[in-house]
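Take this structure, written in C-alpha cells, and hold onto it; I'll ask about it next.
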Amino acid sequence: MVKPDDLGKIIDEHPFFQGIDDTLRALLVGCAANERYEAGQFLFREGQEAAKFYLVRAGTVAVEIDVPGKQPIVIETIGEGEVAGWSWIVEPYRSTFDARAIGLVRAISFDGKCLRKKMAADPALGYEVLRRFVPMMAHRLSSARLQMLDLYGPSAKPEKVKKAKVKAAGKTKGTNRSPAARLAKAAKKSKKDS
Amino acid sequence: MAERKRPKLAVWKFSSCDGCQLSLLDCEDELLALTEEVRISYFLEATRKIEKGPYDVSLVEGSITTPHDVKAIREVRRQSKALITIGACATAGGIQALRNFKSVKEFIRCVYAHPEYIDTLTTSTAISDHVSVDFELRGCPISKHQLLEVLNAYLNGRKPNVPRHSECIECKANGIVCRMVAAGTPCLGPVTQAGCGSLCTGKDRGCFGCFGPMETPNTAALAAHLKELGCSGRDVQRLFRSYNANAEAFRKESETHG
Amino acid sequence: MTAVPRDPMLPVLFRIEKVRRDLSDTFTMELVPEAGGEFSFKPGQFNMLYVFGVGEIPISISGDPGDRSVLVHTTRAVGAVSSALDSLKAGDQIGVRGPYGTAWPIESAYGQDVVFVAGGVGLAPLRPAIYHAMNNRERYGKVMVLYGARTPEDILFKKELERWRGRFDMDVLVTVDRATGKWSGNVGVVTNLVARGGFDPLHTTAFVCGPEVMMRYGASALEKKGVARDTIWISMERNMKCGVGLCGHCQWGSHFVCKDGPVFRYDSVADLFQVREL
Amino acid sequence: MPAAEGTAPLAVILDQAGLDGLLTAIRAKGWRTIGPRVADDAVIYDEIETVADLPMGVGDEQKGGYYRLKARGDQALFGYTSGAQGWKRVLYPPRQKLFSAKRTASGFTIDPMAQPDAPLALIGVRACEMAAINVQAKVFGDKDFADPGYQGRLKGALIVAVECTRAGDTCFCDSMGTGPEVGTGYDIKLVEMVGKAGVTYVATAATDKGAKLLKAAKGKPAAEADLAAAAKAVKAAAKQSRKMETATSAKLKDVPEHARWDQVAARCMTCGNCTMVCPTCFCTTVEDVTDLKGDHAERWRKWDSCFTVDFSYIHGGAIRTEVRSRYRQWITHKLSTWHDQFGQAGCVGCGRCITWCPVGIDITEEVAAIHDSTKGRK
Amino acid sequence: MAETRTIKVEALARVEGEGSLHVKIRDGRVKELHFGIFEPPRFFEAFLKGRDFREVPDITARICGICPIAYLMGASQAMEDALGIQVTKPIRDLRRLIYCGEWIESHALHVYMLHAPDFLGLSDALELAAVNRPLVENALRLKKVGNEILEVIGGRAIHPVGLKVGGFFKLPDKKALKGLEEDLKWALETSIATAKLVGGFDFPDITQDYNFMALRHPDEYAIHEGRLVTSAGLDIPVSKFLDHIDEEHVPWSNALHGVAKDGSAHHVGPLARYNLNYDKLSATAKASAKAAGLGKVVKNPFQSIVVRAVELVQVCEDALKLVQDYVVPERAYVEAPVRAGEGHGCTEAPRGICYHRYRIDKEGTVLDARIVPPTAQNQKVIELDLMKVVEANLQKDDDTIKWKAEQAIRNYDPCISCATHFLKLEMDRG
C-alpha cells in the first residue's frame, strides 16, 4: 500500500498538480487513492456516475464511444502525465465516454464527491483545482476541434466507373460492291464523261 | 511503340443549333489524326454507325428542354466515364433559356395552343442542372482549339489549359486595345470567361459574353459602369441576357435591371 | 564572360530507378541523373519535377542528404501531375530542376534537443533532416519525432518509424486522428504530443512540417511549451510555377516561398500566419 | 558647344528628316525598330519603319477608365503621354516557349527554345518606362536565377528614350521619383521641341553605340541654348495632378485588414487589366501542351495575373478567393513588399492601371484613402 | 414478305439536328410515312420580341450553327429594309464573299462527309478515309478554305461576329484576304474534280416534277439577293413571300411544313437554284456540270450531290474573283437613324431560301418576327420523295429500305435545328 505521504509525493511529481501549495495538497491526499488497471479494464463508463478522476502515472487510457455493431471508436488517448476524467466536476456528474486501459495503467484516483465537498468548504482549494482543470478542458476542446478538421488532408480516392447497359444499335450493312471499287468506278466514269 | 487503347468517344445532342458539335468536324487539320487516337462510337451528325456504350468520353451539346431530355441525359451520364458539356446551351441553357424569364402564364398560353403535339418544359437548363458533369467547355459556339485542347489533355492525362479568368487578360495578351476604355464601347469582357481569342474586340465591337461568366464576376460593378457609358437599364439587361442568360451571375444581374 | 546564363526553366533528365508505394496514394521514387554524376542538396530543399507532356510540380526531397548517388522524392497523388508521376515505373524518365529553396538549419541545432513535428505527408520533407540528425547523433541532445496522421493506414514511412522507435537514442511518438483496425497507439492531434513534452524547451530546436493549419497549431503548441519562436522552423507551401522567384505565384507577404523559403524561421512569419488569404 | 568628342556627351539637333535618318541607321545596323503608332484608337508600340509610321500630331486624353486620342494640331511625333501597353510586350512577350520535348524509345529529350530573334530598338521610351525596364531587369536578374530571355533581349536592345514635355492626367511619376526626367539605361535620348518653325529634336547619346548612331544621323550640333530649352521643356512634365503618398504606400503590408480593401473590392472586377498593362508586373504561369499522339510536348510561359483564382491555387483550393485579398495582394506587392524584395517600389507612376482599369480604380486614390485614415495616429 | 412492316429510323444520322422516319407498310403498299423532326422547339420568334434590332442578326444566327450567315445576313437585310438603308457595293461584295465561304464549308461538308458515303456503301467519311485518305484530306481542306473566309471576315467560322446591320464591324485588310487567294485557286480545281467524281456515282432512277423555288438575280447566280421565282412561273419580290407560302403543323413533327397557299409542295435548295438559274452559272461551272453528266435540268433528287459540287465550282470561282478584286471599302457599314418599320430579307442558305420578316418600333425594338428556313419548306417534298423511294424498294429488306430512305432525306442536306425554331409563331395563331 502506498502511504499518504507517498501519495502526496506522487501528486507533487505529476505535472497536473505540480507546484501546488502543501496545505492544499494535503487536502487532495485525503480524497486520493493509488490504482492499477490491467489492459482492457475500464476506468469509467459512459453514463455512469463520474465518481473519480485520474492522474495517469504510467500507461495509456483510451477514451472511447461504443458503437453498436462496430468496434468502439477511440476519440483520444491519455498518456503518462495527463488527466483522465472531468465529468466529476460538471453536473450531473456522469461520465460522457468510456475510458479503457490499453495495457497496464497506473494512476492516482480522486474521489469526486469527497473533493467537491472540500472544494465547497475551502474556496482556495476550489480555485486551485479549477485553475488546473479549466485549461486542461480547454486544451481537450481545441484538440477535439483540430481533430475534426482532417488536418492532414483526405486521401485521394479513385472514382469508380459505373457500368451501363445500352440498347443495341442498328448495324451498317454492306452492299455488294466495295467502296473502293465504287470510287474507282465513279472516277473512271467521270473521266469517260468529261 | 505500344498501341495506346483508343478511348470511345460519343457526341450527344440536346436542344441546340448543332454548331458546337460541328466544331469537331471543323477541326479539319486534326480530325483524321484525332480518329486515330479516339474511336468515334456515337456521333449522329457524322456517322450512322452506332456502337454500344459505355463510352470513355461523352461530349454533350445542347440544353435540357423536354421531359424526354431529362431522362435521356441521365442515360448518357450512366454510359459515360467522362462527361464533357460543350457550349453555352449545355453549360448554361443557351439562348433558348430566354424562355425562363417569361411569365409562366404567357408561356403556358404558347405551349398549350397545341398541347397534343408539343412536349416541352417551361425552362431550358444546363446539363449540370440534371447530372454531374466532369468538365464544362464554354462558348457560343465553343472554340475548336479549346475542344481539341480538352480532348488532348484527356488523352495525355493532363489538366486542360482552359482558363477561367476574364476575357480582358486574353485581350491584353493578344495586344488588343480595350474597346471600352479607348472607344467607350459597352463590353462584357471584364466579367466574361476568356477563350474565344478576343474575337469581338478584335473586330472593334464589345464582348457580348458568349463564353459566359468568368470565375468571380463582379457584374454589379460592370453594370454600374455600363450605365455611366450611357446604357439604359434595359440595355444592361439585354447585354446580360443573351447566350448565357441563365448562367447564375448573368441571370442575377439581368434581374436587377430592365 | 558575358555568356547568357543557362535558362533555369530547363529541366535535367533523370531516370527512375525504383518506385515504392508508401500509401494508397503516396509513393517514393529514387532517381538518378541520366547523364551520371551526383546530386547534392540540403535537407528541406525541393525540386521541380516534370512529367513529359503533363506538367511540373514542386516536390520536397525526402532522401538522405548523406547519399548523393540517388535522389529520393516522396509524392502524394492529388493532382494531374502527381497522378501522372504515380503512373511512372522504374526505367521511365522525368525532368528535374533544382534543388531550390532554403533548408532546415539542422546544423544550427548542434548541442540542442531537436524535435521534428510532422503531419501527414509532411514527414517526407523532414526525413532528410532526421537522417542528418541520426547520422550526427552525437552532436544532439534528445532527438524526438512527433508524427500525426489521419488513420493508421495513412502513416507514412511506417517501418522506418518503427525502426527509429526501436532505437534507444531516439523518441518517436505517433498519433492518429481516427483509430482503425488494431491500432492501440495514441489517438488525438499531433499538438497533443507536443504538449506532452519530453524535451528541454529552452534548449530545443523544432522543425515543423505539414499542412499550414497543422504548422500554425504545432508552432503555437511548441511556444506554449516554452520553445522560443526563433528556434522553431516551418516549411511553407504555395503555388509555384518556376521555383526560382521569376513567376510570382508563391508570394507570401514579402517572401517568395520558393527562394526565401520553403523553410522559414517561425518568428519571421508568425504574423503572416495570422492574415487571411495572404 | 561643339559635337561631343571624348568625354562630353554628344548632343545634336535633328529635324524630322534627321530623325528618319536615325531610324534608317538603326535599322541598317540590324535592329528591329519598335515604336509608337496609332492602331485601334490608341497609341501602341509595334514594329515601325520610318517616321511616317509614328503618330504625328496625335495627343491623348487619359483619366480613370478613359482613353481618347486627340488631334494636337501640330506635327509632334511624341505628343501623346504613354502608350496602351508598355515595353514588356517585346522584352518579355505574353507567350514564350520554354522548351519542346520529344518522346523517344527510352524516355524523352528536351530541346531548348530557339535562339533569340533580331535585337530590338525601342523607340520612344518614356522616363517611367525606362524605370520599369530597370525594375524588371532586377526582377529577372536575381543573382542565382536570371531569366536569360529578358536579360538577353535587354542586353541586345538599343533604347531611344523620349522625354515627356507634358504629363497626362493619370501620370504620377514625379511622386514615385521615376520621372519626369529619364533616368539611366538608355542609349539615345530625345527631347521633342515643337516650335513655330517646326518640330526638332535635341538628341543626346549616353552610350558609345548611341553616339555612333547619332553621328551617322548627321545632326547639327546642339548649342547651350538648345540644351537649356530642352531641360526647361522637361520640367513642364513635372506638373502632375496625381500623386502617390509614398510613405503610406510603402507600409501597406502593415494594414492587411484595412476596411478600404472591402470598399475597393466592391468596384474591382478582378479582370486583371491593371496587371496586364502594368510595365513592371512580371507574373507568369506555364502551360503544357501536347500533340494528340502524346509524342511531342511543349512548355509555354504565359503572362498571368494575381487577380485570377488559379494564381494562388494549391491542391484543394485557391488561397485568395476573395476580391479584397487579390486587390490587396497586387497593390501591396507593387508598392510595399516590392521594397523588401528588390529595394525599391514596383510602381513607376505611369498611370496605366488607372487609365485601363475599365471602372477607373485609381491606385493613388486607394493609397490616399488609407493614408487619410491612418494620418494623425501615433 | 410479311403482311405488315413498320420501318423506323429513330434518329437520322449525318443530318444537322434530330429527325426520325416512320414508315408503315400494309399489304405491299406504303400506308403511312412520316418524316418527323423531334428537335425540341426553341421559340426564337418569341424571345426576339423586345430585343433591339441590332441584336437580331447574332441571335438568329443561333438558330443554326451550320448556316449562321444565312441568318446573320437575312436578318441584317430585313432590318436594313425596315430602316430604309442600302448597303454600298463594296459591302455587298464582301457579304457575297463571306456567303461563298459558308457555301464552300457547308457544301464540302455535305458532299463528302454526309452524302458521299451513301453512294459508296459506307457509314461515314472516316470509313471513306480508310478507303481513300487523300480524298478525305482534300475534302477537309476544301471545307477549311470555306471556314477561312468566314474567319478572316467574320472572326470565326461558326456564329461569326463581324457582321452587323448595315455591313461589318471591322473590315479585313487587303493582306488578310490576299492570303486566301492561293487556297481558293486550289479549291476551285478541287471543286471541279469533285464534280467530276460525284457525277460518276450511281444514282437511283427516280425523278419528280417539283415546283422549284429560288432567288434569281439578273447579274449573278443568286445567293444573297434577288427576286423569288418558281418553276411554275411565280416571280415576286421577297417582300411578297408570305403571300404565297403558308405553314401547316403536323402531329408527327416539331417543325412546320412550309407549303404554297394552294397546299402544294415546293422544293428549295441546290436543285431549285440550278434549274431556275442555270443560265447564271459561270462558264466554268457549266462546263463542270456537263462533265459531271448533268443537263440543264436535273429532276433526280439523288443528283443533288452533283449539283452541290457544281455550285462549289461556282462559289469558289466567285470567291476567288472577289478576293482578287478586293479593295478595303471606305466605310465598314452604313448607318441610318432608327425608325419604325417592317422589313424583309431572304437569302439562299446552302440548303435553300431562308426568309426573315421583322417589325420594329421607333426605338428599334422588335415587335414581331417571322423566319421561314429552308428545311421546313422542304419537309413536304422530302415526304413525297420518301414515298417514291420506299415504294420502289418494297421488295428489299428493312435495312436496305432504311438506308435508301435515309439517303433520300440526306439529298436535302436537311438542317433540322433550323427547321424547328418557329413553333411559337404557329402557336400564336392557334
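Order as written gives the chain letters A, B, C, D and E; numbering starts at 1 within each chain.
The rule we apply is simple: a residue touches a chain if its C-beta (ideal position, glycine included) is under 8 Å from a C-beta of that chain, and two chains touch if they have at least 3 such contacts.
Small disclaimer: the values here were computed from a predicted structure and weren't measured.
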Self-check item: If a chain touches chain C and chain E alike, it appears here
Solution: A, B
Self-check item: Shortest contact path, chain A to chain D, counted in steps
Solution: 2
Quiz item: Any idea whether A-C or B-D has more C-beta pairs in contact?
Solution: B-D
Quiz prompt | Chain whose Cα mean lies nearest the overall Cα mean | solution = B
Exercise. Averaging each chain's C-alpha atoms to get its centre, pick out the one most distant from chain A.
Key: E
Self-check item: Centroid distance [mean C-alpha coordinates] between chain E and chain D, Å
Solution: 52
Practice problem: Just give me the whole-number Å value for how far the CA centre of chain A lies from that of chain B. | Solution: 47
Self-check item: Euclidean distance of C-alpha centroids - chain B vs chain E, Å
Solution: 25
Exercise. Calculate how many whole Å lie between the centre of chain A and the centre of chain E, each centre taken as the average of the chain's C-alpha atoms.
Key: 71
Quiz item: So which stretches of chain D touch two or more other chains?
Solution: 288, 290, 294, 316, 321
Exercise. Would you pick out the residues of chain B that each touch at least 2 other chains?
Key: 48-50, 156, 158, 204
Quiz item: Which chain C residues reach two or more other chains?
Solution: 53-55, 78-79
Quiz prompt | Complex contacts: residues of chain A adjacent to chain E | solution = 170-175, 177-180, 182-183, 185-191, 193-194
Practice problem: Spell out the residues on chain B that touch chain E in their complex, using ranges where they run on. | Solution: 13-20, 22-23, 25-26, 28-29, 31-32, 35, 40, 44-50, 65-66, 69, 94-96, 98-99, 102, 110-111, 113-114, 116-118, 120, 124, 140-141, 143, 196-197, 199-200, 202-205, 208, 210, 235, 238, 242-243
Quiz item: Within the complex, which stretch of chain B touches chain D?
Solution: 1, 4, 30, 33-34, 36-37, 148-149, 151-153, 155-156, 158, 161, 163-166, 168-169, 172-178, 180-183, 187, 189-191, 204, 214-218, 220-222, 224-225
Exercise. Within their complex, state which residues of chain B touch chain C.
Key: 156-159
Quiz prompt | Contact footprint of chain A on chain C as seen in their complex | solution = 23-25, 76-78, 119-122, 148-150, 154, 175, 177-179, 183-192, 195-197, 210-211, 213-214, 217
